[in-house]
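What follows is a pair of complexes built around subunit A, which joins subunit B in one and subunit C in the other.
Up next is the complex of A and B:
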């Protein structure tokens, strides 16, 4: 059996808080961060969103960087979350170079949008600076650059909404393959006009706060944020005396092979991903004490995910909730945001609520956790599914030596 | 180890040039009509997906018998332009407030990993799929990510390669079907196909 991978630090910024402590308090209080759009310059105020409650200027001030340069919101949020994770893990001054893996799809598109309409009035230098921040990889490199020589390599997987969870599992694989010692993995994604309009065109946005797993769910609310975890082998953590937050027990990835964007009705991909994660963790279905579902609130996802969970867990279903009812669907960052939320609930031993739920989906519905509740948790599962049929599932376990 | 190399004006399969009469998108359509066919969804795809689809079809035509319906084959692709080609088309649908119509049919392709999904849908591959966006072609990085993917004992083989599409008529792909113990699979081999074919 290969060596265990552990988490020694975590950072998060989302609609419900700018760090772990704030997010934890919101989760315990049942306080959603979804509301009317404030920072994204859109006319579509009819769609509630889960925005991070800071302007770009406020984030620059928080980080002590000049706002005269062009910064993507994806990068700014990413730096905040990476910084929190590194500080907790005391990993910013390690002898070994670190690897940064950030899942994103929007990347620096917010900057491009901001400047696109004025590109004719811009100097060549201004145009170049907005173009160089555009790509997904550029946003990861800009996060790494903030930390000087801390990182010596970066990776930017893009698998739509499962990007950040895949970044974490890729980080685990890198360590197991002996290609990295310490990896900071997660994802960052800001709101953009591009994907707000796109999701609107797919008719999967709700004009009300989203209702995951409710029979009358109408769609999702988009959100934004960033979250990262510090990964290393158990031995490496022990040797440097790092505190272990939790163990990565196992993970699985599978393709739904059904449609570019929709999930299959029977949730084949989700079922396979969860099954593989259990197999990798050498756990049985009834060892799972809580599932943080992908639960977007769209009719298609929640029906498909319910079917897959029923098929895998049968009548012995663990408590389930979708915390997207707090954060909105943070798309490519969601896998990392929900991994950190799962980590917090594992540490604090409670089940977070699935807000706005009233009635069960007909046939094979799920009755989710409705109110934050204390519970004894050992193993929690976090699901993250993406367009392209790319489905992933991760299991975190309470650490014991 | 089978491989395919597509440039905007030429196609090679295992080192042998496939004769074609056109360039760019017309070449891909020509290959579809002459050698593939029977999958009209091809015409709904954006350029990146068409490129990845054609490359994978030519690659898999070398496999006998062709494997379908499996969890044990992963699709792991890379490029530098992400889905920028389709992103541009979609942007034109939201650029002008007078003619504002974000098209769902165009929006669905504004993700690079839709091409890994399309290849999986075509062949009923339920295994791992991953799309990585790199600064530039990097054989070492491709090699390492593919090598890591074999840590999953579920994975028997991997369709991997570089699938980059700047526009309908400016693209390139190199694609390889690789097993965990292929002795020839190394960064030099990936480089050789990409740079010298």
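Up next is the complex of A and C:
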């Protein structure tokens, strides 16, 4: 049997807080971070968003880096979350170099947009700067660069909205296969005009705060943020005396193979991802104490995910909520943001709310958790689905030696 | 626990050379200028013309190379690499934004703009519900995709996988590269486009070569990376080193540490044949697999030193910005 992978550090920055403690307090109080756009320079103020409540300059000041250089907001948020995760894991005491796996799709698109307006008269330096900050890989490397010699390899999964969860599962596989020792995995994604307007053109943005799993849901609110976890084998953590936060019990990835952006009515990809995760964890459906759903608030996703959860759990459904009602849909970062939220609720033993919910989806609806409630949690499932039907599911378990 | 082995069973390319063909091995097309687009096959021979009308060139190329190597086989995983992703679709959105501001609406281009559009399309086309992931790590995207499949195969989680790496170069991106003076420098090979698909299998039968190891690195020199590689592989002799040297001194300097560490090992190049792109390293793997299958090295690849034949093993080295990779390939005999 392969060795257990444990989490020894976590960091998060999102609309509901700039670290774990702030996010936890917001979750317990039921305080959403979704509101009118402030930092993205867009004309679309009609769509509420879950922005991180710091300007780029404030982030630079917080990190002690110069604002004169060009930084993608994806990178700045990524650094903040990685730093919190590394500090908690006491990674500075590690002798081995680390692997950074950061999921993103937008990458440095925000920088590209800043250059766009002057694309006709960009200087040579500006062209090079645009090229070297635009790509997904570049945004990950820029996060790693902040930490000097800490990281000796970088990888960037890009499976749209499930990117960050796939980053975490790759990290686990690399450790199990002996191809990495300690991995910092998660994802980062800032808001951009590119995808705000892209989602608008798909007509799946709600002009009101999103209502996941509600019968009258109109769409999603975009969010932004970053989150990372430090992964290592249980033995490695024990040898260095690291404090274990939780175990990664299992995970599954499957493809809906239905449509580039729509989910299948029966939620086949989601069903397979959750089933594989259960199988990998060697758990039964009724061992799951809580599901942090993908729950974007779009008519299509929530119907499809509901169908998949019903298929797998039947009438014995564990409590479900979508915390996107707090953070907005943080797209490529969402899998890691919600993994860290799942980790926090597992540690604090409570169920976070699914805000704004009023009535069940007709026929096959889920009744989500409506306010933060204490609960005895051992195993929690976190779902993360993406365009192209790239569906993944992860199970965290309370750690016991 | 004994790790499972990983073989390249089939591999196909669309590039600046003749598509889906190994003709370049004997008669390569000579590349000229600062950009040579991919030479497309007759897509209608492979794709439903109605469906293909809605696909950008990168999607058509990826789907065709995937179909060729799959040849009807089902796989346990589809793993895709792409440096720039679906750049043509992104370019259309960016151009619309430049012209119309935020009034634009481009739903189809947006749907096809994410990097995972490629891997998802292959899954939708082959009705494959298996593991599906995509990596975008500039010029080592192919190696990242390979590493994922390699790890899962070694663990025995999957027994085969479709791994691909695909890149296209839209006009505005090339323009920006020209203004940034990172193309067309003295001695530099042309920019190009590449689509490579390979079928990995844990069964050796009929394979082109075995993948013994893959290392990806960040902020690491080649001599340090080589040390990590040697520490985990038993190597008595390297037949040749095949590198991503592209003729531009500023780019190629990174390889010097490797050449100094392995002074006796013959050096092979491939980018003068295929051009440069974020997926060029996948063509390096393709060229290496072919050499190992035939036991030969075409004279067009030979740069320095004489490779002893039949060629039995190759170290594929690649450098892209602050990322590097090493892949160790071995013949199946």
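Structure notes:
We adopt the following convention: the second predicted complex is superposed on the first by the 397 of 401 C-alpha atoms of A that agree within 3 Å, B and C clash if a C-alpha of one lies under 4 Å from a C-alpha of the other, contacts with A are read in each partner's own complex, and residues count from 1 in each chain.
Assume a contact is a pair of C-beta atoms (placed from the backbone, for glycine too) under 8 Å apart; a residue touches a chain by one contact, two chains touch by 3 or more.
In this text, all values refer to a predicted model and were calculated from it rather than measured experimentally.
Once both complexes are superposed on subunit A, the partners subunit B and subunit C clash.
Contacts of A:374 after superposition on the shared chain: neither subunit B nor subunit C is touched. Judged by the touch definition given at the top, the superposed model places A:152 against subunit C, while subunit B stays out of reach. In the superposition on chain A, contact is made by A:136 with both subunit B and subunit C.
Looking at the shared chain after the overlay, A:66 reaches neither subunit B nor subunit C. With both complexes placed on chain A, subunit A has more residues touched by C than by the other of subunit B and subunit C.
Put simply, of the subunit C stretches 223-231, 241-249 or 277-285, the part that bumps into subunit B is 277-285.
Within subunit A, the residues touched by subunit B in the first complex and by subunit C in the second are 2, 105, 116, 135-137, 141, 155-160, 166, 170, 173-174, 176-177, 179, 193-195, 197-198, 200-203, 253-261, 268-269, 272, 386-390.
Within the complex formed with subunit C, the subunit A residues making contact are 2, 42-44, 100, 105, 107, 112-113, 116-117, 119, 122, 124, 127-128, 130-132, 135-138, 140-141, 144-145, 149, 151-160, 166, 170, 173-174, 176-179, 193-195, 197-203, 253-261, 268-269, 272, 386-390. Residue ranges on subunit B touching subunit A, taken from their complex, read 71, 75, 82, 87, 90-91, 94-95, 102-104, 107-114, 116-118, 120-121, 123-135, 141, 144-145, 147-149, 151-152, 154. Listing the residues of subunit C that touch subunit A in their complex gives 3, 78, 82-85, 90, 93-94, 97-98, 101-102, 104-107, 110-117, 119-121, 123-124, 126-138, 140-141, 144, 147-148, 150-152, 154-155, 157, 172, 176-177, 179-182, 214-220, 321-323.
Remark: subunit A residues 2, 105, 116, 135-137, 141, 155-160, 166, 170, 173-174, 176-177, 179, 193-195, 197-198, 200-203, 253-261, 268-269, 272, 276, 280, 386-390 touch subunit B in the complex.
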